[in-house]
């Protein structure tokens, strides 16, 4: 540690503690709201169940018992998220591998041009493509379908997935490929039996990143889902009613939406951090 | 190969759905309704009852209020078969019926005993008709009401002090000037807020503003609130409209400190506790569960009027002997319609006629024990107003039910009632108004500036949608000759 | 472009490698192209084509669900933008939101990275905890913060009241509402800056730091001559990436203010969404979206140039 005076050390510890509080407080506060009824919410701030307010599970019960609503959206989010993340990882993995191993030349475009072209798609604001996509999807009947959303999220995550996998594959030495090729393996076999197993940590990271993006995505879901394919973010965002927001229900839904993400962070946060430390920070 | 595809398609489409003698076994209806307890919850038990009687299934699709119109419109335009029954506002008829997205229901309605069309109040029928055909069967009929805090008003100390200060006795406000005085008095003299009104963006603020504007401009013809019926010139920035918005801006000072965040949900949570002297809302405040209501507090009446009205044609203010009190049918009232894409129209209409029937509808319009919320449906049938017993069975005290029904009926049966806008683009026109009003309330613009800007936007919307056609439809929606 | 294009393995350089290549290369060109095919097709159909269609749309009008509804209108939509106060407001709001939140994220992210880098007690826990907000669904997070900012039921005014400050109607005045959105955006995305700057710091050889200190450099000099040059490229990239992403802001605004009061806190994306899919004025919505795209390009250009230089060098 670079010269740190005692007071500076105290300041650092204090600030980090403060930031930890800032990170956790919104989650905790939302949790307390989810245990209140309208009297508990409008009757002034209260913070600790049983101590300064009487908790009730009404809102939790209501949200889960609502037919169609929460459970449908939760399963939509899970199915669309997992499948689209898998698709993105696969298509991105193939492209990333291709770009790291072969020299492509399409007219003036070479590998790096193709890689940038793919990555640049991630910078394109989604609102720039949604209007024609809406017309396209309605012509072929993909509006409000899980499959339509899976397609969209695969496209949405593909650039990052391809880029991440490209980085991983570049770190795997070429010698191993060559050895396999000398033994007569085809490109696809090399990919499957040599590169993929070696890139497994990269695949997992790419999958997780894609899953989180798909789970959290808002604009596409807002436009392309109505009811059957509605995902959690849209269910949550749509809680403003003509008769005033039902804060207690909203709190429950917000918590349900982020719960899997908190779990992922708790379980895989260190690993993700390790990946970033190992390479992405360069 | 082709055979396989066809087979798959056949399997996917399932057997053709035909009602058997008993009912609609195997039919699943998708019902779109606003999210939250106000509209979905009260009808759920009756929808279940219908499911049991007919063997059909109903799937609720809940949509947030601000997204109902956009969602339904985009699904209609995309020609996706998403819903069999949609619970919508007549305000959207111009766009939805006008472009052929809804099924006309006249034939089914005629002679359907359960619908019993003639029992529905005429005002609540008219709003559901578009260019001569009926597209919506009402489940509700809306009118904006004014509320006063009976406890405060009956306090002799306040009565005396008020009269001393303002020179007239304290009572339910008959004019918006009195409303202002009362709000000022109680916000200064008591813990309670002067008044509660919806003022948040994208809630019910534009309806509140319109209900304040109506008496300032209405001469009982219907067009005065929105457009000149000769050339679609917006009237929204007339001196009458501006004055009404100035009144509303004044209330910000007398309301609760966070009144700019208020929507009717807040009002319904707080007014019945006695937290304010006055409030504006639909007839819903009366329906709040008794355990969260101080019955001594709630007094109902028509919205106030004005002593002088702005005459658009003469371009000047006209003094009146009697206050001009014109109720406003804000949002017109929820009702059920059937999209043309629905493959289950017969079952859909059966559900609708079941719900709207006198026997069933009186139960949900009088429901008082709705979870955490007032019911969003208000009485719309003559029989609702006559059958007081049904109300007492739902847990109302007879006296309160009588006063509630009496005041609501008085508004709905007034000599003239201003209906809400129904032409194509209504959603966009009203959203522009909502933006203007909230911006004036927040003090970002003066009322005049805000409404001038709204008028400008209304002109742009009209031009974009086609002035001639809009003019024709506007006139038709008012029942004026071509 | 040659009819078939050409495909050769990367890293081909030495004679032996070329001969190895010859042994198994015959007939595998198609196979190699196939690696890129799914990605390219997906992007062409779902991204490039709609993008071009949006450009076309921005020069005309279109009515959904009606036949032959495209009408060419030249620059009409763009001319309308210039005099559209609502659009200009949304543009200014977006710039304020991007500038404010990205700057805050950067300062906080850098401070936190630096502090955690000092390995204070609990730093292993902190570095995972500090990642959390960026993983969470922005819509849900925005609601959580609304529960804090709402002036009557919110926790913030309660805390302020406890120290004698009068309740502030955070979400109903433009300035404070924009501030609230900036706070939320900062809360969500500070982790992004934190983690990449932290990684950059960790990549500095601690030995180099120790050596510098042994050589008598003071803290400032260490920062200026050792740390700053190392993290600068990462910092620039992170700043630009965050700016590009932040320009697309819609979800937090949608939940926290709905664009109100008036339309005074609307963002460009929110306005484009409303115009296109609530008012169904598709041509104009496309024009709004295109201007956002131009903004993104302007910000993203330095990244692209920098990355392509790096790739060229490598």
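By letter and in written order, the chains are A, B and C; residue numbering begins at 1 in each of them.
Convention: a contact is a pair of C-beta atoms (placed from the backbone, for glycine too) under 8 Å apart; a residue touches a chain by one contact, two chains touch by 3 or more.
For clarity, every value in this text was computed on a predicted model and none was experimentally measured.
**Q** Per the definition at the top, count C-beta pairs in contact and tell me whether A-C or A-B has more.
**A** The comparison resolves to A-C.
**Q** Report the chain whose mean Cα position is at the greatest distance from that of subunit C.
**A** Relative to subunit C, the chain whose C-alpha centre sits farthest away is B.
**Q** Can you work out the whole-Å distance between the CA centroids of subunit A and subunit B?
**A** For subunit A versus subunit B, the centre distance works out to 40 Å.
**Q** Any idea how many Å lie between the Cα centroids of subunit A and subunit C?
**A** 14
**Q** Which positions in subunit B touch two or more other chains at once?
**A** In subunit B, 66, 74, 77-79, 202, 266 touch at least two other chains.
**Q** Can you list every residue of subunit C that touches 2 or more other chains, as numbers and ranges?
**A** As it turns out, subunit C has residues touching two or more other chains at 64, 152, 258, 277.
**Q** For subunit A, give me the residues that contact two or more of the other chains.
**A** Each of 42, 134, 138, 223, 237, 239-240 in subunit A touches at least two other chains.
**Q** Where on subunit C does subunit A make contact in their complex?
**A** 1, 5-12, 17, 20, 23-24, 28, 31-36, 38-40, 42-43, 46-47, 49-51, 53-54, 57, 62, 64, 108, 111-112, 115-116, 118-123, 126-133, 135-141, 143-145, 147-148, 152-153, 155, 158, 187, 195-200, 202-203, 209, 213, 218-219, 222, 234, 244, 247-248, 250-251, 254-255, 258, 269, 272-273, 276-277, 282, 285-286, 289-290, 292-293, 296, 300, 304, 307-308, 311-312
**Q** Residues of subunit B touching subunit A in their complex?
**A** Checking each residue of subunit B against subunit A gives 30, 32, 34-39, 59-67, 71, 74-75, 77-80, 82-83, 202-204, 263-266, 268-270, 284, 292, 371-374, 376.
**Q** Which residues, counting only subunit B, touch subunit C once they are in their complex?
**A** For subunit B paired with subunit C, touching residues are 66, 69-70, 73-74, 76-79, 99, 199-202, 256-258, 260-261, 266, 425, 427-428, 431, 435-436, 438-439, 441-442, 444-445, 450, 453, 461, 464.
**Q** In their shared complex, at which residues does subunit C touch subunit B?
**A** Touch residues, subunit C against subunit B: 64-65, 85-86, 150-152, 167, 169, 171-174, 257-264, 274, 277-281.
**Q** Would you tell me which residues of subunit A are touching subunit C in their complex?
**A** Residues 1-4, 9, 12-13, 15-16, 19-20, 22-27, 29-30, 33, 41-42, 44-45, 90-92, 94-95, 97-108, 111-112, 114-116, 118, 120-121, 123-136, 138, 151-152, 154-155, 158-159, 162, 174, 178, 181-182, 184, 186-188, 191, 212, 215-216, 218-219, 222-223, 232-234, 236-237, 239-240, 247, 250-251, 253-255, 257-258, 261-262, 264-266, 269-270, 272-273, 276-277, 280-282 of subunit A touch subunit C in their complex.
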